[in-house]
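Below you will find the structure I want to go over with you.
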Amino acid sequence: MSEHLSALIVVLPLLAAPVCLLLRHTAMVRAWTSIVAWACMIMAWTLLERVQTGGAISYSMGGWDPPLGIEYRLDALNAYLLVIVTTIAAVVFPSGTILTGTALPEGKRHLYFAALLLCLAGLLGISSTGDLFNVFVFVEITSLSSYTLISLGKDRRALTAAFSYLVMGTIGGTFLLLGIGFLYQVTGTLNMQDLALRLPELLESRTVLAGFAFLMVGGSIKLAVFPLHQWLPNAYTQAPPAVSAFIAATATKVSYYLLARVIFTIFGAAFVFDALHLHWLMLPMALAAMFAGSFAAVFQTDLKRLLAYSSIAQIGYMVLGLSMASEAGLTGGIVHLFNHALMKGGLFLAVASVVMRTGSSSVNAISGLGRKMPITMAAMVIGGLSLIGVPGTAGFVSKWYLVVGALEHGWYSVAVLILLSSLIAVVYVWRLVEIAFFGEATHDVCEVPWNSWLPTWILIGGTLVFGLWTDVTVGGASSAARALLGGTP
Amino acid sequence: MSSKPPMRMREKVLLRVASRVFIPLILLFALYVQFHGDFGPGGGFQAGVIFAAGFVLFGLIFGLETLQQVVPWSIVERSVALGLLIFGGVGVACLLRGGRFLDYGVLDHHSSMHGQHLGILIIELGVGLTVAATMLAIFYAMAGRERT
Amino acid sequence: MWIEIVLFALLVITAVTIAGLNDLFAAAMLSGIFSLLCASLFTLMDAVDVAFTEAAVGAGISTVLMLGALSLTGNRENQQPLRLGPFVVVLLTGAVLIYGTLDMPAYGDPAAPIHQHVAPEYIAGATAEFGLPNIVTVVLGSYRGFDTLGETAVIFTAGVGVMALLLGRRKRRDGDEVETSGEGHGDAKS
Amino acid sequence: MEALGVWNYWVVVLLMMIGLYTVIARDHLVKKLIGLGVFQVSVIMFYVSMGKVTGGTAPIIPDEVPAEGILYSNPLPHVLMLTAIVVGVATLAVGLALVVRIREAYGTAEEDELQRMNGAQS
């Protein structure tokens, strides 16, 4: 069975979702969802180990060899991504706060878990497929389940947030479809490897250029790259907090992967950066995102919205790494995928605990909670420190590589700007610390039960562990970066 | 959708009689599309849509309550799940018989062509079931709401 | 050739009318007609399966869903002027699209790359390995069966979404029609 | 003259632009979804146009013996577009469900009014 792992890791959650509708009973469905997430995580770690020792794995669905059939292809980059996505799922799904802030009555909760599993399956599908049209199909599975999950937030604004996301997401998805169509029309293939073989002689074609543009814009909408980010703050703010934790930690990572795959594997860095000079477009956008996101975060009165704006800034860091197109820069961007998933997932879970106890996610809700809920608040502080990039936390590691990458390019001003934008993060994180530890206690609450704070601490603890012990994260990221830069692995 | 003004009795009788003829025809056509998809245009998806249309028509004429007696909600919800499971189950069966996921050829060890036919037939059934049930579920969900 | 030009002209007229209409019932019906016109064009372009599906889905199910939703939400739309910002975005998108078409193979050209690579093998394989006449079914079911599994999952996801959003406000014996999604929910009457 | 060979793509582009404009510029949420539908169907039209081969027939192999030498239109775009149609109707269903709920919760389905109400709330 083990050679089928790369198919099973997607198929298992995909088929586990309908099982939720048959089980129906909330407690059973909840346990089932967690078991599936854990199984996926074990598969992902196995696959990563196998890819790192034995090279890329190709699996042809239906036994039809590519380009005839759909190929699932895992290399150092996807396997790394699978580990991120499944690990976050395995931590978030069993959390005691998973249902906090949802508007679902008892008889419908199994639908919520089905949507979570579908979202997971979609993300895993995008991450591991080697077929461009198959990407579109799984993008739509992810998107439709995310719209549903977001709309289940408690406030009625969750509905409008989900609708705006639906409109933006569908436009993005249709742009992807257009881009795929343009490339298909001049090459006759949908397989990524095959496209990479056939495109080099067609790079002068205006059809290929337009196709590239649509893929990039479609992917950027999904990733919420500044200035296409408007849907993100509302969606993350209104979604149930555990959903925000899951989506913020995984969905943007997968979209980022998609862009990297298009740029490096399908088109090749030489075309994108040497011929098109795309970095002169990406670099300002990344810098603008870093500053605009951080600035906006400073003025937010809602914890989830604050974290959402900080996400936009963090996406900026990742895109910055992409635009460097060097090993250090890409390593920084890719390792930041992992680190940001840990810290944002942990922070949103901490907010979920706050919502569980106080019923509110406003910044004022945590006033004085440093004494009432010390475990949760300590996690929030460490997560915040990691967002800033304090040495010893995971956030420092990614920023270190980004600064090194910038210096290698001779972009000294960019390196300075990275440090400056981190200073803004200090402002909004310090504000939280001040309110939590020096504010008046307005809510008379106690700490959340262990099954709620433990998931938070697993992720936040991860940011500490991977802040010091970087073998796995940086090692995996740099081999992924080399695989990308080396063209087809 | 359900809270339409009641029709006059005679119109309703006419509709009911006409629907007695048409609804079985629609369902029959759906079955034809389902199983003839290998030869002409059509397949599970189109058949599912038509199948659901037949039931929706029934529900519009005889009322949501009557339709729910014919096709109870629990069956609809389970069918939505079951269709996808049938499709995936075929894939898993291929794995168990030593092939790749969805490699129907291994379903029949004597003739891979026959195995392919069998596989396509079953997965189309799965598609049809999920599509028909989902469309019906959406109708139930919408028709059960009242205008605010 | 001429029939295609006429159909395309009708499509453009329909689309412009849809964009301009304030009566949403009419717009929904017109979008059904738009789908039907597209289905006719698909038939002319030899895509019988797509035409069948588009007719059943676009002109059938989608229109019914829209009318159903409109009966719950009302069909009046406020008048609004032409907006400059969206207009610029759309023009820009259109410009890139037109730019992309300039190097495309001509419509119907049998030498186009997509007819040379992969597709011939499907056509050959349908007879040799399947013995089935409908090539589309063969590709859909077997060669690209995993896409179809994904497609079924998309439908399933939509079902889950609609059930989660709309189900359960029916009047049941226990009267569990609360299902709030916020404080203001449900009591805002039109 | 070669550009004339792609004239139908230009019409399709025009349709896409009208659809996209309806999505972005109109305020009523159902109208947005209708526009989204026009946009998606136009993309489907674009794909199906690619698959057409002049002098070809529908990709269904006839029963009669001389099945060789027949020119078929490309079946792959058709297969892809069947999936795209499904995606379109799935999105529409979820979108409409959201509109119904929004209307129940706010009493309106016009975007500008919704924004005003959301702004007043926060």
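As written, the chain order gives the labels A, B, C and D, with residue 1 at the start of each chain.
The rule we apply is simple: contacts are C-beta pairs under 8 Å (C-beta built on N, C-alpha and C of every residue); 3 or more make two chains touch, one makes a residue touch a chain.
The structure displayed is predicted, hence computed values, not measured ones.
Chemist: Considering C-D alongside A-D, which chain pair is linked by more C-beta pairs in contact?
Modeler: It is C-D, judged by the count of C-beta pairs in contact.
Chemist: Just curious, how far off is chain C from chain A if you go by their C-alpha centres, in Å?
Modeler: 29
Chemist: With chain centres taken as the means of their Cα atoms, state the distance from chain C to chain D in Å.
Modeler: 4
Chemist: CA centre of chain A versus CA centre of chain B: separation in Å?
Modeler: Comparing mean C-alpha positions, chain B is 36 Å from chain A.
Chemist: Tell me, which residues of chain A touch at least two other chains?
Modeler: In chain A, 14, 17-18, 21, 61-62, 133, 137, 140, 144, 147-148, 151, 156-157, 159, 178, 184-185 touch at least two other chains.
Chemist: Provide the list of chain B residues touching at least two other chains, using ranges where the numbers run on.
Modeler: In chain B, the residues touching two or more other chains are 39-41, 45, 77, 80-81, 84, 88, 91, 101-102, 104, 138, 141-142, 145, 148.
Chemist: Any chance you could list the residues of chain D touching two or more other chains?
Modeler: 20, 50, 58, 60, 77, 80, 82-83, 86-87, 90-91, 93-94, 96-101, 103-107, 121
Chemist: Sort the chain contact graph into one of these: line, ring, star, complete or other.
Modeler: complete
Chemist: Spell out the part of chain C that touches chain B in their complex, as residue ranges.
Modeler: 48-49, 51-53, 56-57, 60-61, 64-65, 68-69, 71-72, 129-134, 136-138, 140-142, 145-146, 148-149, 151-153, 155-156, 158-160, 162-163, 165-167, 169-170, 186, 188-190
Chemist: So in the complex, the part of chain B that touches chain C is made up of which residues?
Modeler: These residues of chain B touch chain C: 1, 37-43, 45-46, 49-50, 52-53, 56, 77, 80-81, 83-84, 87-88, 91, 101-102, 104, 112-113, 116-117, 119-120, 123-124, 126-127, 130-131, 133-135, 137-148.
Chemist: Can you name the residues of chain B that touch chain D in the complex?
Modeler: Going by the criterion above, the answer is residues 39-41, 45, 138, 141-142, 145, 148.
Chemist: Quick one: which bits of chain D touch chain C in the complex? Just the residue numbers, please.
Modeler: 2-3, 5-11, 13-22, 24-28, 30-31, 33-35, 37-38, 41, 44-45, 48-63, 67, 71-83, 85-94, 96-101, 103-110, 112, 121
Chemist: For a test of understanding, state which residues of chain A touch chain B in their complex under the given definition.
Modeler: 1, 4, 7-8, 11, 14-15, 17-22, 59-63
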